[in-house]
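Each of the two complexes below includes chain A, the first together with chain B, the second together with chain C.
For the complex of A and B:
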């Protein structure tokens, strides 16, 4: 009875779940130090009230029977129940909240925030908790407002492709729903099995297909949000065009919770392409990668949907820590994954054939493969999407720098980082050296590099060596210190490297308008 | 030691990662607009043939992949050529529905025409799960058959095959000629190298018809209806919310 079910074929969705969902009990065996212990420069602002039993009673009555909460003040609660809310995905940051709230309706969110605002209780909104900059967990005892129970899909218009849904809908679930209707969510990222659309909006997530479908700033048509004082802002329109005054939802997109809580979204979705192709190239140099990019855009034009870069170090890690098949036998300094999506298989295949012939003839690429079926397609994507998890397995920590840089110098940062770590005697094979390796990969099509440094343990020496040096390097080249991961706790001190004093001042002015008591997301962002 | 002429039979099926949909009249799987691909077990057979060619080199005189279908099956043949199979041919059956018996007859005729002495097939196709073609072919040819192979070795004139069975592993051997049907753990099919894929697009493909092979294709089976399997769920009854939370924690779900 050994039919195909025996094969460890994991449907794409479950693959991402295993990569990014809290990995159950094992994940919290080695808990990180409390954030306030690791970062002594952070101090709890005394203006915030401390949670009391009366507060908890009020929240209980707001949430009632359909929401839920975890009350850390109650002696019968297992403190480990709050770990998932206190600890971030990277296992790097750990807060000390005593209360996690999971409201069921926007009205409950409104009453919760109104009360917190009156009592000056600090709040951190939380979605799937898959963020990579420590933005979604408390620093001290901020109350966690988790949107996970607000997970309904409300409407879908099959003609316009506009979906309205709650913030807490898991990205993959939204996409699966749309797949049944022949549409797709305009955003895709490795954390899709756990991240929530509200969090994606709040962090203006970029993902794997920004190249083709643009950013959430364009695809979010409407929004319902709750201000820190409890006011519900209803701008949940499903209109493609609505030029009637300041577009306030744009401020919320990418605000990371700084201005309030996003509770509902309406998103315009593209039709799901019927023909997807993935090619994987081995490239001899970064200059050739740039040439390959240029040729790819010329040949593939409108069907190009992803252009991802991986260096050899990243692929060596994938070989070591995952069972994924190697697409190319030989090693190459760089690898590129190209994806096309279109409505006509023959048309797309003709274009890819022409591109590949060109790349091979001009010797821009050394080698390559094309996925012959869905299973090979997923293997190729796994070579790119699995890098993050393999990095986490290589050591017990990873320093991540998600930057935007001009294409000609993009990879120079990786080389320079490696040189610097060697100079500082931090990178080597022996256990005395904290750094295991330096890896570069990313959404090259968007000029976005993920510079990752795998370490045996998080080490202040590495941090001092790299920060602010990396940000200075990026700033010199007029890049962004955070292409898509956001600011959170990690990058708050460095925002000045990418935004001017005047702009930061204006952001703080607006913060005072939205959140005069500063209860939302303290200690983070800007 | 005799030379080996390998024949690999492959089938074009729905891409096995895709969820099949049943048509409106509930008489068949709806394949319209769906991505088709090589049956995964056949892919494993192709991979094994190429590996034999790489290991045994000149001992393998010929490798030929055939499929019975229409011109829509040609891309699969080209993919096999790109990976390293020497020759490919399409047995064009037009619109005819194929049952395992017909396929076995076509393969028998091909074996005789091509003087193949080793046939590699997938153990079953993922659309009908019939698991019959290999066995029928062996009976027609009077050849030994090794079904559900998970390891294959050729030593001199002997074929040695290990199969996974309920009790563990079973190793069988015989001399050539023989038929081997492949199981999942035999190998992991390679990716086809792009340069070779480009070349294979222009490679000539052999063409045969059932008439050329002296075979009439009969329909002896009629599909009465097709329906989805009943979803089985595991139910654990709990008496309270606390017990539910405890159970979920034990299951590692929390």
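For the complex of A and C:
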């Protein structure tokens, strides 16, 4: 009976499309306020030079004909052409750059930075601009150095699985290339259609399958990067083991552009699994979610590739805004998506079926389905991956917190946040209340919770109610205030909740070594 | 037929015991020459202070009663008590320290370093002293800071698999502790009975199963370290994702003590596999070894945990010196050990049997056995893990090169080295020739070759013939001159073959930030 219930065919809903529209094609209908207007405490640092037409001429001579340069000083340029470089994915942050540079070679990046360093022109590197913490757009008039035209795949070794590629290659393109060779990129995330491999390295992105394929600190084997003074650091080895001195590339992974620009990567890629299974469970309590996780790890060990948590609130939103149908008939307080990836279909199905039976038997889960084919599998994933977009549609803004927490207390943060917002009379069904609802979901297998607060409009009272309270809560429970999205502008003031003052001091000292003029990523990070 | 042949019971030999004798218990019968005598170009840097009795008093007051201090200035101390701290595992390097300190707490490490920094007393951190590049023992009179008494396991989280422990915990002890909880340490290597987890982190050790469990850069989640000025960097997070600023701990992984002392680690550990299989193949050519690797990855994908190469010369040595019996009847030019680790015995056996059948069918291998039980499995592993010790018995010394190379050319280095030594009339069967033989083996799945030259006696002519020739060869073929053992004293002069001058310059700049007085690890690394 149980296994029949589990294997029932999912009623098909429309797939909600698509997180992956190329960002640059968009025009901004409602532009956000300038960041420096909403962050009143920020002031342009007068140590930075203002861009002159003479500077633009120099950049033109560097980039030549093959790169691209969008020049806001030139009156004939449509100012809207710079919007895509000034405004971030969330439509929350907005800078006021007058110049976006899109070099095509490392040499050009080097010459650009060297010049900026000499002239003290501030720079913000930009990948796919999908970062969620305001890192990739200027705060004031920093020059945008966009890597989008550095998008070549250079080599791929079919025996070792090592790829070398430009940092501007879009993650999905890299993965599609590898798919043809029977390999996969060791990282996947909702923004894969827009984000770049270099942006992923710069943010040490974790994504959906870190649990299985590990951190970029392990899979990036080599790197080419350019320091702010124009020095090219060539460390583009393709070897799995290379213990010859300080592993400096590691500092760049997760540095968000603070130390320099990543221009190329070599990455070791796993074989593409020939068999993928997805199960979707309804779970009666968070306590049972924890039990389900433990059982899942025991049953699926080496083939477990994702364990994703979604609360009922998140799924109600997906119902409402995605047009996809619920995979399970009844409502449940929690939902879990489990994915396996392996090399033997039969073995994997046996393992996941045994898991499902065990979970039902022990009454750890209340209901469940197993995807029967590729399209059902995608429908189930859409229930998880669609949350971010549905949240965006629910109101006119979302406060997002991406935190790591010890598993036993992970969901308490959602409950406590909701309680607090109600207490402060900020959350209710009526339009006077700014907050629509509090949603929790995330890569639970990695201890990673996305706490999202959907609002009818951004409201300082909500922000004051949440910050630094959320960070204090996380710090008190020995979590991290930024699991994977990084610090950017958003979390710069709060890094002290996750790092000691000695650590922060050392980071600043290192900054001074790499970038004594402080031209890279001003006003952000630490 | 084939599969029967493969499943035949291995004739049992004695297990060669044991790589893992606790090093400190040994007395040195034949002590090597002092390093400063064999490396004539090295001179004690007069910027370092000489140890005084007053210094020793200060250290005594810091360490108090619970730590331990071996004081060579004190005439009542047996000078041989310091041998274990002055002489390395290979019995090749010998320093002349007058003081070994064994602190018990991070606070003590901090006070020791702070004092040394003020007084400009040079320091060499020491773990299990099993490093193979002369890093862990002094060159002159550097104080040895041995971590052996910092050996507590602090916490283990059964849900996440994260362990926090002192850096002085012996790798095998950590793994035994985890075994009881159903987990394993994500690193294993021949020296596990002596080497410490902190030493492994300091050398970014790769070991036997990197292929499967990834690099320590991925599995070390948190670290506590002490800077040369005594500052304690507390970054001992136990979270899988924590993107809050520069990932400074990464710089310490593989830094060999150059930047400071690692005192604690938190490490994410995989579930212990319930099923392990080992196969041992005889292969007719290196070309076929490459084919076997490709097939093996395809068949075993997620359960493949080791792919080890051994040449016939290495196995002839093991025959002679280990007392174990050959697992295969005939001789073959190459041998390969394949290991799987998984959660389902039946599934894993099906997969590995299918592989073996396929390899025999396609005549990629000439013969093979599959271990039928735990003790056969250990016998097969001894054929690989015993090589280092048998080499040591073969003559009175071994020149060891631990390199990474692109797989297609990996074994060419062994052939070319042998040719060159014969050409230079240094290798032959007669006692006048210094070289006994050239042996190649290693973690081939990671592109890692151990090139070993066994000698009747260490001989400057051999060294001159090999160096820098080996490094040039490796560099020319885009390999790494140190895959996993690090630089230490041995490879310091050669780092330029693997790293650019910009990289080396930056390493030295960073050294200056972390250790402006240069008290840590003098004369070594870069």
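The rule is simple: the second predicted complex is superposed on the first by the 501 of 526 C-alpha atoms of A that agree within 3 Å, B and C clash if a C-alpha of one lies under 4 Å from a C-alpha of the other, contacts with A are read in each partner's own complex, and residues count from 1 in each chain.
Quick note on the criterion: contacts are C-beta pairs under 8 Å (C-beta built on N, C-alpha and C of every residue); 3 or more make two chains touch, one makes a residue touch a chain.
The shown structure was predicted, so the numbers you read here are calculated from the model rather than taken from an experiment.
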Name the contact category of A:204: first (chain B only), second (chain C only), both, or neither.
second
Just checking: does A:320 make contact with chain B only, chain C only, both, or neither of them? Give me first, second, both or neither.
neither
Just chain B (first), just chain C (second), both, or neither: which does A:254 touch?
second
What's your read, chain B or chain C touching more residues of chain A?
C
After lining up the shared chain so the two structures overlap, which partner does A:290 touch, if you call chain B first and chain C second: first, second, both or neither?
second
So in the superposed three-chain picture, is A:362 touching just chain B, just chain C, both, or none of them (first/second/both/neither)?
neither
Based on the superposed arrangement, let me know which partner A:393 touches: chain B (first), chain C (second), both, or neither?
neither
Going by the contact rule at the top, pick out the chain C residues touching chain A in the complex.
157, 159-160, 203-204, 206, 210, 214-215, 217-219, 231-235, 237-248, 250-251, 253-255, 258-259, 270-271, 273, 290, 293-294, 297-303, 341-344, 347, 350-351, 404-408, 443, 446-448, 478-487, 491, 495, 498-500, 502-504, 506-507, 509-510, 513, 525-526
Flag every residue of chain B that touches chain A in the complex, lowest number first.
15-18, 33, 35, 37-38, 40, 79, 124, 126, 129, 148, 164, 183-184, 188, 191-195, 197-198, 201, 249, 252-254
Within their complex, chain A touches chain B through residues 2-4, 6-7, 9, 11, 24-25, 274, 279-281, 325, 327-328, 353, 356-357, 360, 367-376, 378
